[in-house]
Amino acid sequence: MCGVIGYYSDERDGFADIVNGLFQMQHRGQDACGVAVSDGRRLRLHKGIGYVREVFGHRPSDDFAGRLGCGHVRYPTQGGNRPENTQPHMVTTLDGGILALCSNGDIVNYWGIREWLEARGVDFEGSNDGEVLAKYIAWLHVSEGMPLVRAIRRLQDDIRGAYSAVLVTRERLFAFRDPYGVRPLSFGTDGKDWIIASETPALDIARMDFVDEVGPGEIITWDEEGMHRLPHPDIIAARRGRVDTAHCIFEHIYFSRPDSKAFGHLAYDVRKRIGAWLAETDDVEADVVVPVPDSSNAVALGYAQASGLPFEIGLIRNHYVGRTFISPEQSRRDEGVRLKFNPVREVFEGKRVVLVDDSIVRGTTSRKLARMVRGAGASEIHMRVGSPITAHSCFYGIDTPSRQELIGSRMTLDEIREHITADTLRYTTVEGLKSCVDRPEGFCFACFDGKYPIAVAEEKRMELVEAGT
Amino acid sequence: MCGVIGYYSDERDGFADIVNGLFQMQHRGQDACGVAVSDGRRLRLHKGIGYVREVFGHRPSDDFAGRLGCGHVRYPTQGGNRPENTQPHMVTTLDGGILALCSNGDIVNYWGIREWLEARGVDFEGSNDGEVLAKYIAWLHVSEGMPLVRAIRRLQDDIRGAYSAVLVTRERLFAFRDPYGVRPLSFGTDGKDWIIASETPALDIARMDFVDEVGPGEIITWDEEGMHRLPHPDIIAARRGRVDTAHCIFEHIYFSRPDSKAFGHLAYDVRKRIGAWLAETDDVEADVVVPVPDSSNAVALGYAQASGLPFEIGLIRNHYVGRTFISPEQSRRDEGVRLKFNPVREVFEGKRVVLVDDSIVRGTTSRKLARMVRGAGASEIHMRVGSPITAHSCFYGIDTPSRQELIGSRMTLDEIREHITADTLRYTTVEGLKSCVDRPEGFCFACFDGKYPIAVAEEKRMELVEAGT
Amino acid sequence: MCGVIGYYSDERDGFADIVNGLFQMQHRGQDACGVAVSDGRRLRLHKGIGYVREVFGHRPSDDFAGRLGCGHVRYPTQGGNRPENTQPHMVTTLDGGILALCSNGDIVNYWGIREWLEARGVDFEGSNDGEVLAKYIAWLHVSEGMPLVRAIRRLQDDIRGAYSAVLVTRERLFAFRDPYGVRPLSFGTDGKDWIIASETPALDIARMDFVDEVGPGEIITWDEEGMHRLPHPDIIAARRGRVDTAHCIFEHIYFSRPDSKAFGHLAYDVRKRIGAWLAETDDVEADVVVPVPDSSNAVALGYAQASGLPFEIGLIRNHYVGRTFISPEQSRRDEGVRLKFNPVREVFEGKRVVLVDDSIVRGTTSRKLARMVRGAGASEIHMRVGSPITAHSCFYGIDTPSRQELIGSRMTLDEIREHITADTLRYTTVEGLKSCVDRPEGFCFACFDGKYPIAVAEEKRMELVEAGT
Amino acid sequence: MCGVIGYYSDERDGFADIVNGLFQMQHRGQDACGVAVSDGRRLRLHKGIGYVREVFGHRPSDDFAGRLGCGHVRYPTQGGNRPENTQPHMVTTLDGGILALCSNGDIVNYWGIREWLEARGVDFEGSNDGEVLAKYIAWLHVSEGMPLVRAIRRLQDDIRGAYSAVLVTRERLFAFRDPYGVRPLSFGTDGKDWIIASETPALDIARMDFVDEVGPGEIITWDEEGMHRLPHPDIIAARRGRVDTAHCIFEHIYFSRPDSKAFGHLAYDVRKRIGAWLAETDDVEADVVVPVPDSSNAVALGYAQASGLPFEIGLIRNHYVGRTFISPEQSRRDEGVRLKFNPVREVFEGKRVVLVDDSIVRGTTSRKLARMVRGAGASEIHMRVGSPITAHSCFYGIDTPSRQELIGSRMTLDEIREHITADTLRYTTVEGLKSCVDRPEGFCFACFDGKYPIAVAEEKRMELVEAGT
């Protein structure tokens, strides 16, 4: 995952709005961050390893300001946190920076495109998807003389995968999305200036009103003439009959903030609906509903309201857990989970507990939580999961492990229940989940049902398979 | 505020348990932290400015370990975050470190004691209460030859104020508390080793079972002979008839974690009872109950359960807010509050909202929150406060501002309501609050009713008065 | 001033040779340094503020190596020590780095060239001469499609001033010099690999034998075909009759190491000849000859040998003096000089001293030294100066102050003598100095006689004039 | 080796004088440095790893000042550059710092004294001689109630070895030396304030006039009553007949600055006399005399003046060589020497060279220099050494290697000559060296003749023996 933001104004400096917006999306990436700004004449870049408040607690320099720009927060991934993989990526020539781009998502045919560019002499600094996007556009634009909008359109034809991107030149801002609209990208205005962001709270903090999502395959530009929307031709065709998007349902289940609106839904609402569906299809006898905070709060609340059972905050989360901490071997086992969550014994003592989590990936955390809750006195543990069994890897930008590591791909429901030591275990079904969104056919459920909407090259799969062995 | 921890074992290294315990109490102080450990022969100290994970992400050195020790997290105060004010304070002689002490609380006659010591040649590095405690004991012990237990008892006679302290020598651990027991201090064991801490989650993370609180005025020692409890003579007398403690009620309202047990109560329970009291004595017509997270979650939940109104998480808190961030002047107004909280419009739209907060100090945050909630569509705002009107300063360790800055000391209830732009406003009454704890006569309510249990010297009052003008 | 180096090999990594060479030229610039290397496919750059041993004590990364490359040490100038002014300057496009250049010297028509390039869209990061050279060549090459040799030739036509430059692309190394050959640039080989450097000790450290100097206006290239020398057409013409170079005589007087060979002379030899000339034309009666170390050692030795007077090391220099030190106001007056030099009283006591310095610029140091030497017991001080009266600013790369600050432009010889409190004062004459080199007509003596060989634009003069008021 | 300084004034702050003095003695230790100052009431310490200009480029804090104090520069030794081994060593109690001490020299019975103190409960932080001195005095003073002068006198009886020490309390300054006066220690005044230092240039920089050396075994104190000199009783006795000092002759040969006066001689003079002795007893036919700079400059000058041969600066030294640099394996062989020295070919070409060095320790540098000089064209190399054959280790503070590593202990004169590839080789004889100082019986020549004036415990010898195998 990652988070992107764009800003455009005819006159006002947007540095603070970009930084505050990144700060609101910090949960999408704590690894590194960067901002590129232009004052209309010169494009400048600053990026660094660390939290937004560390890298941008102050302006990089007094004159680092601009009336258009873009920004990025980067998610920690296995490939190491090297400076050359941070975004935005800026392409420079003798004329100075000509464009800077940042993107959220994962490209399926990364190596094919990269090799094609390298064969044409393009140099790569790192191994980041955003760099391929930036340099593909730059190559088409600089070497082929293609106007930027045409270059982006060509990219949308040639590059397969998920990308919600913002691109800035000295004078124009561009936002575009892959034709499947896998990752969210919304924009808003205060009537004068504009913000484009992965999540809507980045608009809220700048007091911008939500206008719309960038359409799947759409390109939008902002410049002195104002905003131009350029819907994708296929999408225009599609609107006449066929719907062919692949919005990531996991954004609603886990990744987005509850106050984020994406794909036509508020995450908080979708989560409460899932909770209600779980309650309505349940017949367990229990005393109390407890979420694994914070991502499952709304699911548990939905369950509690639908079931009539009391909602209690029985697990207290420590928000100071950060990227580095005392290494596990110095401490006792289960520490990772225990440092993060502490049970309120009085909530659990002698109770039949409905414990609600958003998903089960490897099963290790669930097992530790169940042990912790039972140790706090729970007489019965009924685990309820706000998503279906996760049995397939994601190739579009979510950092799921290889299939072998997914407990859902290795065990039956009852084996999982036994492994995590719950008394009962229920997942949301794919059908149940579909009933919680308005246009389920427009979403991607591949991590649950294995139906990949965008073809994934075999080597990409193998990569993850091998990473997992 | 601050948090302290102590550790004692006959053999096992306690570094990880001390650090993990401090980490669980990080909310009590993000300014600085420190740890002193002894292997039975040598006392060593490491402290630094920053979060626990920054200062103790790694052992200071391979051999920084010990089977007894103490630790501290320091709350940011106005006096500046200077290294010489960090704790523990270690007293050193030719023989190396002889004792290290850390404390939570505030001494009322600090200057009297300090001047008395300075007149006897004692040198002070900083202006911290803990240093006075450490050096008073060290002076009595080293210069007067007084055994440590007697020196601590003498300190309890001479030093007025709040202190929950842990002291470590090369071979013994001591825990003691002022005779009023203002600040919490509990201890637990796994049957073999011991932990003493300001908050019980520091016991939980080390899998220690809670045993008891350190009694008001009590001294407890741990050494190779085991644990010795030495209740205060006055307390023993008091138990025969009179109760004379002054537990800080604000620990339950705001400062402690909800999963902390102190003064015989779990904070989560006290908060839910307050919420229930507010609901039971209320007759407002409303649609939804929303807490200002996270400190008011339990109060709002108690209110919702007692009133039957739905509980909703309508304000989303950004947990990445830290000590430093982009300065306000670079951004738009109200940013401090907006960076921290974002409203979920769908929860508020057209609703009559019971907005629950734990307390109102200056009134500025409440006013901004009310504006934000109304901007998110609330038709009515009924502010309910989980504590009485805060009208008096605290001299025992809570960082309240001077009286003039307390909105409760300057305005009537209706003026406050108007100032914060709520439709209705209700506080918990002192009597109501008392009904939420078992032995209300053992608590201090001075910040609400101005009845100070420990006499405060006039200059101490003036200090704060002047700081406020 | 500054120092440059280039390296070319068909196969061997030259990183250590480049760094050691820079280290041998550290006296030409302690401000910052940088290295660009290519492995034949990819050009990479690393530069930083600080001494060579600080910036290149270790390889920037394991794979920072190359079989060709260039390096630079930068002299501290008034414009501030900003990263964007450090060299080499690398020009980057989509294809990665296409060329890196570093230069020693000063361009007279800097602003004219820069504005011409800016009008064509070229972006400038800093205000450094080398950046103008790099981007002028890059623009001609990239935008006009001009081969690099032709672009350099064009640069030599258009850009006036002093530049001894090394340029590296992915596969070729270039060295070139302005048509007047103001700054030195020599090259050597070990029979296989090549080094080009401002000073010959950079060849010595790599055990390369000196081959020749890069001719004035000459371009030399090294690539897989070997070395190609491309003398300047005008120079070829000149060789048939006219000599028109303007070698900086100050390199021999002060700037170069004594073991550097430049412009056909060893600096040590030139200095000894100057000393001999001073002695042979002198009739002072004295007891001892003492240099101001280290730059005047050879001049004083030449004086002593020619005069028969004993040479003594009467001033001890502290070599730990660096860029930053305890600020003057914290200490007593004259500290700058006293921290650097300490007199050996026994050498001076009761003696008539010939005190030899290489030059007198502002006169302040000479005055302090004379006072110090007299304080150490000298009965007479006869100051002898290894250069003529410095009365004019340099516009070709030596950091002389504005005319007003030059004591030689404001005072008569006798006023200077009185100012610096010497008993007698003699400078080398311009004619005398000319007699110490073989082809004096090929040298520039402008700082002494004001005859500027390269026309200096009026605004350039004014710049310095204003800087001095 | 190391350098110490002390400062006393009744009123003036001495921070700048202490720091400038340390700076003048930087050659005695580049590893670390420290300063302790007292304003008469409070003793404060600041020390750090690095050069003086790095650690004390600025005052540690605005109020770090004092009218008395001491300072130290530390020589890099094998034991690692750990903070706990830096000096001054301060002893602290409840009253704050009671004394700070720094010392130059090496204690022979270090472990005996340390174990005696440890048995009495004294704690040691590091493994530094100065710490033993400081804590021995402190223990006698604090635990035994002994006045400081008596404690120092007791130390002089009990601790064997070399120590020239400065000790500061809040109100008094002490300087003292071992009874053999092995290491230098001088003091001076400007008529009002006082400086005590290892080398006299530290007096010069502060414009203090040299008064005397601290006598062997003498204690001197400065306080509000002025200066008190307390000669050692044995020394007083000695003056009546017997002389029994053991001044380190190596200070004059190599370690001290040439402008330092110690043991009644100026180092520059002693070195010139040695050079003259070498010339007068020589019959070699040669063309030129060249020193290995800078330590041999005066010896070579003495040789040249006595022999009538021309003195030339044929080896140019690079003064930027520092503690860390590009690691040898990255570069070609002999780099260490070549980075430091570069030959001036024109000086050597076809010449019979008298190459003068101060000493030969392992022989590796001499061999590399001879190869370098021959490579520069010398037809004959006549190595002349300003000291006798170094054949024994030093136990009194000079960092000589173990005997096995000393080429003088393993080879005959002719073998050495052959090893270093010189045509002829002559050392100064012990008798010759003795003729260069006024009272040779007062000096230690143990590294040449093995006659150790202070008994060295067997384990101390073994330590070095083992370190060498």
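We call the chains A, B, C and D, going by the order they appear; numbering starts again at 1 in every chain.
We adopt the following convention: a contact is a pair of C-beta atoms (placed from the backbone, for glycine too) under 8 Å apart; a residue touches a chain by one contact, two chains touch by 3 or more.
All of these numbers come straight from a predicted model, not from anything done at the bench.
S.K.: What are the mutual neighbours of chain A and chain B in this structure?
M.R.: Correct list: empty, since no chain touches both.
S.K.: Which one of the chains is farthest from chain C, going by Cα centres?
M.R.: Chain centre farthest from chain C's centre: B.
S.K.: What whole-Å value do you get for the distance between chain A and chain D if each is reduced to the mean of its CA atoms?
M.R.: Taking the mean C-alpha position of each chain, the two centres sit 65 Å apart.
S.K.: Which whole number of Å gives the spacing of the CA centres of chain B and chain D?
M.R.: Centres of chain B and chain D (C-alpha means) sit 56 Å apart.
S.K.: Please report how many Å separate the Cα centroid of chain C from that of chain D, as a whole number.
M.R.: Roughly 37 Å, centre to centre.
S.K.: What topology does the chain touch graph have (line, ring, star, complete, other)?
M.R.: Topology of the interface graph: a ring, with each chain touching two neighbours.
S.K.: Check the chains against each other and report every pair that touches.
M.R.: Result for touching pairs of chains: A-B, A-C, B-D, C-D.
S.K.: Quick one: in the complex, what on chain B touches chain A?
M.R.: 15-17, 19-20, 23-24, 26-27, 30, 51-53, 56-59, 201, 204-207, 257-259, 266, 268-269, 297-298, 301, 305, 310-313, 316, 318-320, 322, 324-327, 330-332, 335, 338-339, 342-344, 346-347
S.K.: For a test of understanding, state which residues of chain D touch chain B in their complex under the given definition.
M.R.: Per the stated touch rule, the residues are 42, 91-97, 121-123, 135, 138-139, 142-143.
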